[in-house]
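Chain nomenclature is as follows: A, B, C and D, assigned in order of appearance, with residue numbering initiated at 1 for each chain independently.
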Amino acid sequence: MSDAVPDMRELGSKVSNWGRWGADDQRGATNLITPERVRAAAGLVRRGDIFDLGIPLDSDGPQPGGARINPIRLMSENGQEQVLPGGYRWADDYVFMPLQAASQYDGLAHVHYDDRLYNGHPGDSVTVKGAAFNGIEHQARGIAGRAVLLDIARLKGVDWLPAGTAITPDDLDAACEAHGVTVGPGDILLFRTGYRRRFLTERDPASFMAGEPGLGLATAQWLRDRDVAVVGSDNWGIEVLPGEREGALFELHMVLIRDMGLTLAELLDLEELAEDCAADGVHEFFYAGPPLKFTRGIGTPINPLAIK
Amino acid sequence: MSDAVPDMRELGSKVSNWGRWGADDQRGATNLITPERVRAAAGLVRRGDIFDLGIPLDSDGPQPGGARINPIRLMSENGQEQVLPGGYRWADDYVFMPLQAASQYDGLAHVHYDDRLYNGHPGDSVTVKGAAFNGIEHQARGIAGRAVLLDIARLKGVDWLPAGTAITPDDLDAACEAHGVTVGPGDILLFRTGYRRRFLTERDPASFMAGEPGLGLATAQWLRDRDVAVVGSDNWGIEVLPGEREGALFELHMVLIRDMGLTLAELLDLEELAEDCAADGVHEFFYAGPPLKFTRGIGTPINPLAIK
Amino acid sequence: MSDAVPDMRELGSKVSNWGRWGADDQRGATNLITPERVRAAAGLVRRGDIFDLGIPLDSDGPQPGGARINPIRLMSENGQEQVLPGGYRWADDYVFMPLQAASQYDGLAHVHYDDRLYNGHPGDSVTVKGAAFNGIEHQARGIAGRAVLLDIARLKGVDWLPAGTAITPDDLDAACEAHGVTVGPGDILLFRTGYRRRFLTERDPASFMAGEPGLGLATAQWLRDRDVAVVGSDNWGIEVLPGEREGALFELHMVLIRDMGLTLAELLDLEELAEDCAADGVHEFFYAGPPLKFTRGIGTPINPLAIK
Amino acid sequence: MSDAVPDMRELGSKVSNWGRWGADDQRGATNLITPERVRAAAGLVRRGDIFDLGIPLDSDGPQPGGARINPIRLMSENGQEQVLPGGYRWADDYVFMPLQAASQYDGLAHVHYDDRLYNGHPGDSVTVKGAAFNGIEHQARGIAGRAVLLDIARLKGVDWLPAGTAITPDDLDAACEAHGVTVGPGDILLFRTGYRRRFLTERDPASFMAGEPGLGLATAQWLRDRDVAVVGSDNWGIEVLPGEREGALFELHMVLIRDMGLTLAELLDLEELAEDCAADGVHEFFYAGPPLKFTRGIGTPINPLAIK
């Protein structure tokens, strides 16, 4: 129902967090991750089991080429020609990669419209040198706290949702209900579409990237009502693609990042974690997903840990 | 007293962990980080304050060039030439960097001698394609648990220890005593030399890299006796340089990585954390420092979180 | 007729140039480009018209990803944030690319068999540091001299030869006859398959790279009989693919590079030059195609000039 | 005599080539290299001896780090883990480098002032994607023709001129006279300062880059009067540094590139060529220095050939 899709700029204005943490703020919704909430979240570590949510960084990744490639790691030393005292040998490697090639945060300078970034910082401050405002380094102190997994694919009884499936506020509510979990202020919300499983099954970057299931525009209000701090998923762009409005692209990106100041965690592997949550019925846990501190960076590769 | 310095191969043999976690093990001492220990460590989160221990990834880093350079992050898109529906703009960046350029883990394939890596895996398995054994991806599930900070520089009343200062087992014991803390199985041991402060004061990569204060060879036994899982520091190579034996280089690297299977965390920034520990007298905390999952990688950049 | 295809090792042995220019030689057949021949070749410049044979280095190149990618050129400066005396601004760029991504020379360390490179240099001398022998830097002094274009596609009346078409010695003789040209010692032989036109027409890297028309194995003897110094083409691998023998791959590469010491020039754009040669009937010209001097390099990007 | 130094903008206006080759021109002074001149230049090949003027591309280059680094070439394959039919092995390499790291052309988008590039193209057309106008690909067809070497260091009887030495029009005239050579329209002018010898002697990138001998501002008129097409040298920036006017930087760059549309060839190795010219007294020769065709590129690495 395209006519039910909210207007992007109206929606953005309604859910906006601009000014909420001061005119100079460059962190956005991760401000919601307060020490009290971190302390409380630590109490979610009940067994001490760690699940790593990052996907491998190698040439078998999901990037089909074009704007982004898979990481290219090359050795600079393997010891072969070294003649060192004691017969010691050492190895070293380099990488060339897009910071958004695999599991990643989209920082708050990643997208914008109407010449303004999150919190009103000027759009042309993103230059050839990177983000003068809202760079990923401003998230360095985090991101750790309470996280909730909503397993939408399992709820719908499918291995993965097909591309173009818009997840609605009702879907999120139904998942909370089914999992017996609530989502609240400062939470890191992870939702599973099964799309990582699709990639692991098909190993076809081009079709994987051609579209995706994901959040519909209306969920922005749902996330804002609950004051979520970070949204993450196993798809590659959080939102449904093709979008809900004909010809529109990445409208939810604009609203979440530019208006709400949400950091997005994309291309996660939630498979093992989801199995575990289904098995023990516990869908909340401690999450520790530090970004790398790329000064003025647009994004960062990550390997977040979920600890139950 | 060079005659008191243990023989490297003898020492390596004494503290060896080869076979301890099976003939096929590729993780080494991080096996000591058990779920029980992770669960207990979560109890160390008392205030919910997060300290990020990674240094910035940019051109002002500590690499003077040569074998390693500072990260070079370049923009592939900043929106300037984009003509998209809705006036949307997006930005993206790439990085070229040594995986050991800044705050980093040295993986278990980083150094070896006598043609054997940690746990006996063949030295020539480190090829142009990377580490067929002991790659950094085998640490993906971690590294999180209890960490202890021993502030050696503060204990000695200096801003930073001079290069060439060997930290001894007695120093470590004295620090434990002064801080009222013990080091035990599965712990992540962080020791502070003040060398990050030196770099921030002098901003001179060449002299920073010309030598360093760090662990003396004799500490290997101390670490083994306590079954430490990971050792980290604010210096760039953990061990004292120049080394304790004339002409010998990186002997402790060999023993810690190749014999004990210890993952090392180098080039951390412990300044703010150390201030806080000095202020509240609490030198233990929860640590979450996930590696990136570089398949067959030798090392990985990190930004570990210390949570008190 | 697969039974007519010469045995690769027998052929390699027959056409071998090992030892011909000394046991230490690392240049191979470019030794045939003597000053006398260069001087004579300069006489082929009759009009002063220059044709550049390199293809563009950008993201629209022929590499489909995998072992090689198209060049990624990124700006480090464009002047936007600069505040310099006089309002001056400057721009700079970086590239990350395989040295064999586009128009290129395959150097003499590119392929080998039976543990020996060209001229008997040991195969394991190609390490993580590059080619200790036969590196591309040994071709630095060249490559310039007389070149001949044999336009096989035009001769056969097609836009391009289909993949899998083996060019035979008879084809080369027929082209020489049709063009009224001979091929002799020290010549750079360029043959046109039309495959560049195919790429420009279809713009499909995957199918372009899936096979190609090219030299059959039997042409090795033809090239050796004439003492050709360099062979170049508009295809991406000089030889026919799939190969003439079931399951065999790159046999001609082995013979030309490893046995004969031939430097290969691949992925050239011969379209405009071929038009000109067809128009004026002159298929010989001066060629200047210097390699970049990558120390220990396996290959090099090139943009050779044909001057008529 | 700073008061004798011409005003940069006045000078730029006087020697300007804007509009000379049409309002759309993006090639500048290389338009002067006409077929007739190329044909005549071929006649300068008298012996057939080739001198390669590029410096090696490796980690021992002149870049001290900072804005530019030395090329980093890394192997992606060396054959070690390959299992191919026939025991064949292949090797491949990648490079990451600034396009202006070593011997290079500065293209016509490299510098500008007053918001205009050469020929009036807008300054902000140099974006994160590169040069929309005046990109290095517009020089693809060249650069080949008559070149002249003026050996200023030899003329002055020094191994190398000290940094800060401004070469004057009189110096250039004296060199022409001493060498018995004239400089005319379409010529590639190479002048030798001995600075390559300095680098090879001292191997100190930092002091090499701290300043240089080079052309003074007044030579712009000299070059314009003779209609030189390209200027090259063994220094790293063509012009004298520190500059002739206190606090002014790269004024000649602005005039030569932005006003005159001159392509500059920097960081050449003229040592062997200069020896030969001194020995035979012939300072003119054929030059073939094709740029790589980096689409929208600011510069390009080169290895020009001088053929006598």
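By our rule, contacts are C-beta pairs under 8 Å (C-beta built on N, C-alpha and C of every residue); 3 or more make two chains touch, one makes a residue touch a chain.
Everything numeric here is computed off the predicted structure, so don't read it as measured data.
Trainee: With a Cα-based fit, what is the angle in degrees between chain C and its identical partner chain D, given to the nearest 5?
Mentor: The best-fit rotation has an angle of 180 degrees.
Trainee: List the interface residue numbers of chain A and of chain B, divide the shared ones by all numbers used, and answer same when the ratio is over half, different when under half.
Mentor: Chain A vs chain B: same; shared/all numbers exceeds half.
Trainee: Centroid from C-alpha atoms only, then distance chain A to chain B, rounded to Å. What do you get?
Mentor: 27
Trainee: Where the CA atoms of chain A average out and where those of chain C average out, how many Å apart are those spots?
Mentor: Centres of chain A and chain C (C-alpha means) sit 45 Å apart.
Trainee: CA centre of chain A versus CA centre of chain D: separation in Å?
Mentor: Centre-to-centre distance between chain A and chain D: 47 Å.
Trainee: Multi-chain contacts only, two chains or more: what residues does chain C have there?
Mentor: Only 72, 75-78, 80, 94, 96, 127-129 qualify.
Trainee: Is the chain-to-chain touch network here best called a line, a ring, a star, complete, or other?
Mentor: complete
Trainee: Hey, which residues of chain D end up touching chain C in the complex?
Mentor: 8, 34-43, 45-52, 54-58, 60, 67-68, 71, 73, 75-80, 84-100, 109-114, 123-124, 126-131, 137, 140-142, 144, 247-251, 253-254, 286, 288-299, 301-305, 307
Trainee: Quick one: which bits of chain A touch chain D in the complex? Just the residue numbers, please.
Mentor: Contacts found on chain A: 72, 74-76, 94, 96, 127-128.
Trainee: Within the complex, which stretch of chain C touches chain A?
Mentor: Going through chain C, the ones touching chain A are 59, 64-66, 69-70, 72, 75-78, 80-81, 96, 127-129, 132.
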